[in-house]
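Both complexes below contain chain A, partnered by chain B and then by chain C.
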Partner chain A sequence: MIKYIIVRLALVVPTVFLLSVIVFATIHLVPGDPITVMFGIEGYYPEEVERIKKFYNLDKPIYWQYFVWLKQMATLDFGNSIVRGEPILPLITTRFPRTIMLTLGSMLVAIAFSVPLAMMAAKRHNTVIDVFISGISLTFISMPTFLLAVLMIMVFGVYLDILPTTTHRFASGSTWDVIKGLIMPCLSAGLVTSAGITRMLRTELVDNLHKDYVLFARTKGASDNRALVFHNLRNAVIATATLVGLELGYLMSGVIIIEIVFSYPGMGQLLLDGVTRRDYPIIQITVLIFALTFVVINFITDLLYSVLDPRIRYE
Partner chain B sequence: MNEQASQVPGYQAESPRGLFYRRFLRNKKTLIGSTLVLFFVFVAVFAPVLAPGSPFEINALAMFQAPSSQYFFGTDDLGRDVFSRAIFGARISLVTAFIVGLASGAVGILVGLPAAHYGGKFDLFVMRAVDVAVSFPWLLLALLIASIIGASLTTVIVALSIISAPGAIRVARGKALSVKEETYVIVATAIGESDSAIMFRYILPNCVGPILVQTTLTMSLSILGEAGISYLGFGTQPPTPSWGLMLADATDYLYSAPPTLVILPGLLLLLLVLGLNFLGDGLRDLLDPKFRKL
Partner chain C sequence: MGKSERIDAGTGEQVLEVIDLETRFFTLTGVINAVRGVTFSLGKNEILGIVGESGSGKSITCLSAMRLVPTPGRITGGKVLIDGQDIMLESEEDLCLNVRGKKISMVFQDPLTALNPTYTIGWQMKEALDLHSGRATKMDDVRSDLIDALKQMNMPDSEDLLTKFPHQLSGGMRQRVVIAIALLLKPAILIADEPTTALDVTVQAAVLDLIVRLRDDPGMSVIIVSHDLNLIVERCDRTVVMYGGLILESASSEKIVTRPRSPYTRALIHCIPPLTEDTAAFNAIPGDAVDLAQPPTGCPFHPRCANRGSGCDDSVPDLAEIEPGHLVRCFYPESVA
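On to the complex of A and B.
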């Protein structure tokens, strides 16, 4: 197991390196030099420009700048936001947990809906129930996350007026307010994700119905349901776990959009605000953190995967 | 069986193509999917004829009108006819889908086939890069590109093409790897055909199926992507009618605007993507023996 973890970690390193280079390169790919881009001044005060260049190490060779930047990132020295003029680190530490909360909540919704639905469809496969569940799944796959969110706001927020339509009072509200505020964002991101998982899991479950181990379980007297849950599902989950890793990329994109729809004060909002106002340090750090989170979660999924299926470790 | 059948007078063996078309028309998914997609192509092409009014004309005296005989689906915050805008919106979605599908398909073939054919270090490098890129959150890349070259429809198309290329490469390479082992490819190698002839005249025609399925699904995802990026304000710019942009406008006025402002562009978006997904699913059923139900 430890050997497997080390091998997997070795594969993560080039990915992280590549990500950091891409993120670092962003600001240098922007047309014009960074000073002009960041401050909007162009050679009016040559000495001042020189001073800023020196301050930000822009007079040094590019690979040197990259390593300095890398060291700053690694030591959490994120510097100041150019537009907001405040340090970036506190912004991240308050917003990052909120985004994680939203992402985990959505994943929870996705699993809570997809596993029972897929089992129901597999148990009654090729019946009306199966076709109905497949139809619903395909509809949700075809629906952009934000459309579902807007529709939910319309129904539950505007017409029925039972749930808050924004979460901007997040910081001051009580726990109940926070939970109420999270319901619609988690549902809209989670349901879209659950559709893909349902489809995959259902196909796996149906494929496995005639596998030896399921038939054996039935022969030795396990009930239909017992065979489905303890013998079939366990194996189907392994194949589906790969998809969950892929879905995560979509979920994260969905969460960023959802944060905007509900004015949710998380990392996605910070990133979008950064792109709108061309606040490059903010863009770099938020993208880097999003990407790293993604890599870390994928890594954890991989490990879980090998715990679920010992065969993988020995390949 | 086949031999006997061919001796029956009047029997003609069906060509593979004929068989494909027959299955295509018999399969519910491909039939529903292609009907929906063709409907939207028709709407996009004949938008100026079908739209009752101008998609751009602002009328300050007719803001947020409820649906009426003049404005079938009401008017938006600038008094523009929502129905006409939605019809023209089909153009943006389809153009995006078409270009992204074409671009990612081309990259898939031009990188995936050589990777499978030559193998070795090149293949290894390509697949590593694909592994990194294939599941990366698409929106992050789109936003990075938007922050570099600015927000526009071009940004969306470039971003979505880059995002969908790795998937296309993976599919083309995977299929090419299995086709490579076929006798006709080995024979072609033996008689000294050039590398490019083997790749594009022998391998490519036999990889078309999976690539087509992948392209269809790419198109549906790129329509969702365009709507999402435009919704955030980094894609299609106003006043160009895009469904994502229309939904973004409507979101700002949920309390005062008629619900048709959300429902119409949302429904069209859903139907077009649903059509492409049905088409992709159906094509996979037809072309992939693993899924084929005869």
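On to the complex of A and C.
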């Protein structure tokens, strides 16, 4: 087990290296650079442009820039934002936890909705209740996150006026303000995610319904519900964990849109801002962090298997 | 059909009585009559065999006897008396707490799937205890009891076993664990549904002997269900032959083998290849097994029957006692040769 963890962690190094190359190359391939965005294509102040380019090493060959950046990353020196002119590290440390909070909150919503719904559907499979739950899931699966977000803003934020429509005063608000601000973003991302999990978990549960170990538990004297939770669900979560791991990754990228709809001051906004202004250091670090988080989530999912399924032991 | 046709072993006390049991499956494509009025009883310390092809209703009969018919199936008629009490009238909670696992237990065909792969053997054994004591006992308190139960099943190295997962054991070991769990609360009745079909031939005999021995050791009544007539008649006192959801013949195992009166039983015996001859081909019963969704009118076996005569496709014959303790459902039973 420990050996497996070490090997997996060692594999992260080449993964991250490859990632950094792709991230760096992609961004520099995109037409336009931060200086052009700032001064316009005409170039009214050629000397000034040259000076800034020199300052940020933008006049050097691309491989040279890459190695400089790599050296910075290795020493955890994130540098300054070209457009904002402020250091990047504080931006990341305040915004990254917020995005994680939003992602995990959405996943929590997704699980809180999908597990009971899937169990209800499986217990009454092929009945009206099952069809109804499938219908709801299908609706949410086919619905883009931002549409649900906008609909919710209209209903809860405008007509009912019970929840804040933006979360831009995040830093100054109280804990209750933060929670209130998180409700709608988490619900809109979470509900869409829950649809997929519900469908998968329901299928797994129905498959297990007539498994011998579930029936054997019943002959031992377990009630219908106990057999469903302790025997059926316990096995159904193994396969569903894969999907939850994947969905968590998708959620990370999905919340970028949610952040923009709700003016949520997280990594997504930072990234969008960086992309529109070609702020290279910002884009590079945010994309790299998103990618790294993806790697970490996958790693945790893999480890989770051996916890969930005793037949899987990493030797 | 429909009348209560008692089959008594003659030993007096009956621990299990199934009377006119009817189980139907309400599927989207139609109703399947899996069990069509089955009546039999199980005497104290008796070993009863139920033989039939797949789809004969033997497994569903057993599950019905525990009121555990899987959806979309439902028991639509009849009674199941355990210790004289009709379990059809009892509440589901009562059945869980006092009947299943405590008075009547069941062992399944495939030991590889009967144990939950995600829990240790010890957990799954302890669960059986906890379900009936209504509280979670501490493992330390029951460890010695569990080890004893495993030892009774001739399990070696029992101390270690409790922390093992099912996949770490062989098929034969797993079946012993399953039986140990089924017997943990010392039920009076054990139903073994094809208990050895999935096991190696070498292990089969050992597990069967273990089950047969239960009659004497804790003093139990056992039902062995199988499609293997040989296996049943060798070990059971009495044999019930089922086809198409009906009992076609019921008699002592000796009579079933030596003087079968139902043409179906005879055909089954005829299927067993003799070891003495150099047989090139197996004898099979012509035609296909009965389709329970569209059973033939009259006797379910008549399309494949050699003795078929007028009236066979008209109505189902009654299960008649043609000699003491020997019941046959046939208009044209085999003559005693």
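What we mean here is this: the second predicted complex is superposed on the first by the 266 of 315 C-alpha atoms of A that agree within 3 Å, B and C clash if a C-alpha of one lies under 4 Å from a C-alpha of the other, contacts with A are read in each partner's own complex, and residues count from 1 in each chain.
Going forward, a contact is a pair of C-beta atoms (placed from the backbone, for glycine too) under 8 Å apart; a residue touches a chain by one contact, two chains touch by 3 or more.
If you're wondering where the values come from, they're calculated on a predicted model, not measured in any experiment.
Enquirer: When the two structures are superposed on chain A, do chain B and chain C clash or fit side by side?
Expert: They fit side by side.
Enquirer: Check the residue A:L163 against both partner chains and state whether it touches chain B (first), chain C (second), both, or neither.
Expert: Neither partner.
Enquirer: In the superposed model, does chain B or chain C contact more residues of chain A?
Expert: B
Enquirer: Between chain B (first) and chain C (second), which, if any, makes contact with A:V261: first, second, both or neither?
Expert: The answer is first: A:V261 touches chain B but not chain C.
Enquirer: According to the stated criteria, A:D309 is in contact with first (chain B), second (chain C), both, or neither; which is it?
Expert: Only chain C; A:D309 stays clear of chain B.
Enquirer: Would you check which partner chain A:F290 touches, where first means chain B only, second means chain C only, and both and neither mean what they say?
Expert: first
Enquirer: Classify the contacts of A:L151 with the two partner chains as first (chain B alone), second (chain C alone), both, or neither.
Expert: first
Enquirer: Classify the contacts of A:Y250 with the two partner chains as first (chain B alone), second (chain C alone), both, or neither.
Expert: Touch partner of A:Y250: chain B, not chain C.
Enquirer: Quick one: classify A:V178 as touching chain B (first), chain C (second), both or neither.
Expert: A:V178 contacts neither chain B nor chain C.
Enquirer: May I ask you to decide whether A:M143 touches chain B, chain C, both, or neither, giving the answer as first, second, both or neither?
Expert: A:M143 sits against chain B, while chain C stays out of touch.
Enquirer: Aligned on chain A, what is the least Cα gap between chain B and chain C? Give it in whole Å.
Expert: Nearest C-alpha atoms of the two chains are 10 Å apart.
Enquirer: Let me check the overlay on chain A: which residues of chain A are in contact with chain B and also with chain C?
Expert: Common to the two interfaces on chain A: nothing.
Enquirer: Okay, in this complex, where on chain B does chain A touch?
Expert: Of all residues in chain B, those touching chain A are 128, 132, 134-140, 143-144, 146-148, 220, 224, 227-228, 231-234, 244, 247, 250-251, 254-255, 259, 262, 266, 269-270, 273-274, 277-278, 281.
Enquirer: Quick check: in the complex, which residue numbers of chain A touch chain B?
Expert: The touching residues are 14-15, 18, 22-23, 26, 29-30, 138-139, 141-147, 150-151, 153-154, 157-158, 165, 245-246, 248-250, 252-253, 256-257, 260-261, 271-272, 274-276, 278, 280, 283, 287, 290-291, 294, 298.
Enquirer: Which bits of chain C are touching chain A when the two form their complex?
Expert: Those residues of chain C that touch chain A are 28, 63, 66, 68, 70-72, 92-93, 96-97, 99-102, 105-106, 108-110, 113-120, 127-128, 131-132, 165, 167, 178, 181-182.
Enquirer: Where on chain A does chain C make contact in their complex?
Expert: Spelled out, the residues of chain A in touch with chain C are 125-126, 209-213, 215-224, 226, 230-231, 234-235, 238, 308-311.
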